[in-house]
């Protein structure tokens, strides 16, 4: 995950410019779901223009665009549904912060859905346009993450969606997006627990890199989740006609989940920061122990080595009574040992008193 | 205490889904207390449906559900008392943050009660539904923590409960929940004091693990106590009909306790953070002292060892006046000692001047 | 000063329960001061009931209760002056946070007065009840801290108290309580200065313990001074009839002092935190210096010792021209010295270049 | 980038004093662009006075002043367009914080444009005066950064500018200024990534200097970007007549970019701070490893050296059975080796058990 | 600069008590400047009572009191201009926080002017009373810092002061006070730059003391500058009659400077904190390098010394083929050297692989 992953136009470019990103030019996948109280109809569309006929109907229509959106498709959709240039630019330049904006009688929302793609945390930008009886959802992934919602809609006798406005569909999608934070945080929780064990038992350079990586991911996640919470707050409190009072209790629930996720995230961040301190303390503690071993061994043997060095000197002890006569004494050698044992004992006593042994 | 301990449904699950947690399928324990100014009646219920007869009466009814709630019981209660699906889901998926929500003419509250289960801090979610003349309290523990309240209610001539509305019962329960923070914090206080002593006198890896564990517990506790305070603030200020103005002075008192607990908690958190710094400083100080001992011993004996090494060389001093003639001198050996004592004295003087001895 | 020093009842105890703390059962000391524009009358009361006669009068009455209040006295006072149960409980359970509460036509205030009892910082809870023409002040100390106010009241021709309402007396007491923060902070200032000197010149384990102790005291003090400031803010702005507009300018002055005290406190806290960093840096710097000395001495003498070790080997140099023939050379020994001096010089040059010497 | 880079007059100087900065007296470059729905006219002006004729016209006029503004030009412009003395002083004394001020019927804005001048981050102050049908833009750079906007204006059939008021031109300029933050942050992102790699693999003094430098740049940038965001917020919400409601949706977009930039900046700042901790931990980890190697080698060889020292002593072992008779034994030497190998083995076992090898 | 530098009365002293500070009893210096549109008159007054005659006039009067104010002068001024006791107490007890207070129809302001007195940062309290047509300014310095303002007033044809109310004079004084922050911060900037260089190149105990000192000064400065900003905010927005709407644009400019100064200050504070981390990292890095040198030298020579020690043992190699027969070999000595060179080479290879050499 790069530090800077936002797409932007060169400063000075006209607002609403739609330029294709060169990478990944697979065609987008358009899927339309039209529903009333009586029926649910699903169609795969070849082009954005095919939505036109559904627009006129009374029924509610959910248009799902999967895959990296190309400027042409966006322009077509824009013309058909009267979408604002600035909104379309935001759809194309992914990496936006979640927000909700009102353009005339249309809501434009950007949401961020985090998930684990194998080992890596990914955050994908979901763009939503909501009109009186249609909802357009654009997701740059090739696979549709909203299949569980569609499954619920297809269930016979499920009047939850059909009996309510398009705002309930919006809720269902945002609920899925919000709740996808839970498995991600659960994963973080496991990682934190593993690190914690490592930290105290066997801290090493790799643990450090992991903590740093986790902090970075938490930071990136936090950058999108806070504005997402604001988004839900404003939906929960909006007096806009597109959101019914009945549905707001559901947005309140969704907001509540969002708050829980953020609080968990913040406490994880705090623990990760604390872990850096623990790491440093752990390493210092180890250094201290290493030092102690060295000091004990060295301070015991260095004086002893000095003592044996003395008697290794080649003074002519036979010629002078001043020159180490001990060398010739009968008990000279044991005496030296006695001295050395005394020194060792003294030092051990000293270390014990200091609590080093 | 796991980092992530929240129960959640897979993203995309329909709102209000009640799925039984597989673990712990002991039957719940339903206890009903019905009271008016004249009498107090207590019954153990076999099933939720048995409450029905009390619903019709004028009297106030407290239904206590102890033990891990199963979906069936919840659905029964839900049908009987017209509880909202989203609220029931929150009861089942424990690990919610404390909150108060208004559903039509019903209050739904989630509170968190911390306590020590032996050595471990536990936080249990208490869910409360309050209607015009009933209160339903769900607690996943098998043992009823609200026995002291029931005891007070049973006391003859105690008109405190009977003369007031159901809101006073709500206060009594919330007061008990809030005040259960005091013994927990008292315990934390003792732990902090013990750690502090260890920290300065004998810092070791275990102290570090303890501080880290304490910080973690404080963080978890904080995550539930802050929203609990908000809950009490809103009850204290609510203009909802369910809460009488007379009772609000009691909620104010309860809120005041909540604020005291949070302020203590925050100051404990700060002290715990500060302790990490102290730990690191203590360890560094010890390393420094260890180093000093090593340096003193080593720098005194290393030169001496060198000196005695010189006179251990096998140069033919008899053949050349340039080759250590001292070895043959009458006072050669004492002279060497004199030199060594001078060196030692000089080094000791040097260390003293530096304040190392 | 313990980390947790609050008195509390067991969770579930009925609100307003008054239970005697077993410790310290000396009788309280009741002192009554009754004043009008014409006279000042002071009486020592045997029991709370003796106040009754003064209640009926037009004059203003200040009842001072010194010493650990017992439940009986409190109940008597409560009956006489119609004090709320919850307020009385707060008086008994000392360790409350400062607050002001309005009960019907009575103000109840809790304030915290810090002072130095010899070496130790103490914080005492002062409880105040203010009615239309009386003020009750409860202070758990045996000695009355408000003697200076009484002295000012006794001064003849001093119409400041008599010409104003009971609120001016309240101001006088709160002003004394607030201002008692100044000498405490002055003391902290001196301690910080001493520590600072120690820190840079001679950091040791004791300095660390002192900084930690100071941080702890500052934290405890802060916990009571912030709400005390809020208390003064609300008195300064209250529209309650008990506080006259004229007196509010005095509360503003008192509030201003409170703000000054808090700002000083916060900056002391910040300096104390900074000092921990300085301590750590200082210790690291010392370790570095110790290391440098060791490294210099060791790296100079270790190679030299090796050199003299070589010539201490017992190879038969007389038998083989390959076996240290230098031992037999006329200038062999000086040559070895030359080599050793060269090595020493080289190392010294190396250390100088690195800036270590 | 200096820590203090603001120009200011001596305290006590009269407000609105315009004094030439001695450095860089190249003449300024005045460029005028006059546009209506029908035409676009561009002129290079010799002096500020030449604008006069365009003032009277109905058309909209953009006056661009590039280069270090001199007091005379400012005074001329001030007289012509009735600019306030205090505003002119702010133009001259660069290093102001971004702000928007309303003088009668004129808007005065200061914005800050960051860019990379080769390796160095530069922040240039752009001053803007907006009246009913004119906009004056002063930029101390010699080269005009707004050429891309002029290019868009010159495009035939582009009615975006001509059909809207002067406020759209203001938006275009502020949009360019705001968006110039993106390439700067992208650059920061790359730097952070490089540092991160260094940090964990090869931390050294230079990495430290780089992190510090980055923090400093982020801090300087932050100091101007926060008030710039406020500037955009107030334009987005202003009810001033100079800004049309239609244009406010564009300011909202610009504000959104500003918020994204600030959030990135803040997360970069946090990562940079975290990197300092990582650096310290990395270095400590390395010190620990170095220590371990030293300790292992030293503690193994020091006892061995002692042992060989013993047998280097010159006791007369032939004379006394107490004086190292092993020296004369047939297997004495192998025995000593056996002892030494045993010691080495024991120490290696000890180190392995500690996890040091 | 002492940690606690506030003057205060003993707790319990009557409000408005004026007690002379014993130190520094030089007489104050009273200077009066009376001005109308026609004339400017300056007088040195012997005593405060001499102002009386100017009070009656229509002209505006500026009374400047330089030097440590004595209680008598204050009481005289108080009687003459009807100044409030509490305000006078604040003038005497210097070390107040900046504030603005309204007493009836009089403004009382306390401002703080920072400046460098040689090497030391000093903060002086300026007290101002503003009435309908007079301004009293008290400054404890002996030298008048407002001479530049007086100079501007004396300039002929300067109608800026005479044509506006007394509020413009107030602005002129506050502007000078505010702007005196710029040179102080410039000085801080230089100090930070010097420290930064030291920090990375040659960190030592003195750098540490300097950083700490700087942090302390920044903290003290911050404590007065934040309330000073609030003071300017309230003047900028006041609806008090003493401040004309025309003058508020000047206060806005002054406020803007104040904000710039505070933002600089805050970023300096942050850099100073960061520098402490850099210092610690720098020292750790140095310790690591020192360790590395020691480890390299020691681990190379310790094994070598052991080897030469072996051959210094006095085993009777002539008697036993097991006792170091190498000593008698023709190429024994070179073989030992070969072994030692091999060991050295191996260790160097090891260190290179670890990146230590």
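The letters A, B, C, D and E name the chains in turn, as written, and every chain counts its residues from 1.
Operating definition for what follows: a contact is a pair of C-beta atoms (placed from the backbone, for glycine too) under 8 Å apart; a residue touches a chain by one contact, two chains touch by 3 or more.
Predicted, not measured: the structure shown is a model, and the values here were computed from it.
A.B. asks: When you check each chain against chain C and chain D, which touch both of them?
C.D. replies: E
A.B. asks: So chain B and chain C: same face meeting same face, with over half the numbers shared, or different?
C.D. replies: Under half of the interface numbering overlaps between copies: different.
A.B. asks: Counting in whole Å, what is the centre-to-centre distance of chain A and chain D, each centre being its mean C-alpha position?
C.D. replies: From the centre of chain A to the centre of chain D is 25 Å.
A.B. asks: Rounded to the nearest whole Å, what is the centre-to-centre distance of chain A and chain E, using the mean of the C-alpha atoms as each centre?
C.D. replies: 41
A.B. asks: Among all residues of chain C, which ones touch two or more of the remaining chains?
C.D. replies: Touching at least two other chains: 277, 280, 284, 287, 291, 294, 298, 302, 305, 309, 312-314, 317, 324.
A.B. asks: Based on the touch definition given at the start, go ahead and assign the chain network to line, ring, star, complete or other.
C.D. replies: Basically the chains close up into a ring.
A.B. asks: What order results when the ring of chains is traversed from chain B, passing next through chain C?
C.D. replies: Order around the closed ring, chain B first, chain C second: B, C, E, D, A.
A.B. asks: Would you mind writing out the residues of chain B in touch with chain C in their complex?
C.D. replies: Residue list for chain B touching chain C: 146-149, 152, 160, 175-177, 179-180, 182-183, 185-186, 188-190, 192-193, 196, 200, 249-250, 252-253, 256, 259-260, 263-264, 267-268, 270-271, 274-275, 277-278, 280-282, 284-285, 287-288, 291-292, 294-295, 298-299, 302-303, 305-306, 309-310, 312-317, 319-320, 322-324, 355-356.
A.B. asks: In their shared complex, at which residues does chain A touch chain D?
C.D. replies: Per the stated touch rule, the residues are 2-4, 6, 8-15, 84, 86, 96-97, 99, 101, 103, 202-205, 208-209, 212, 215-216, 219-220, 222-223, 273, 276-277, 279-280, 283-284, 286-287, 290-291, 293-294, 297-298, 301-302, 304-305, 308-309, 311-314, 317, 324, 326-334, 336.
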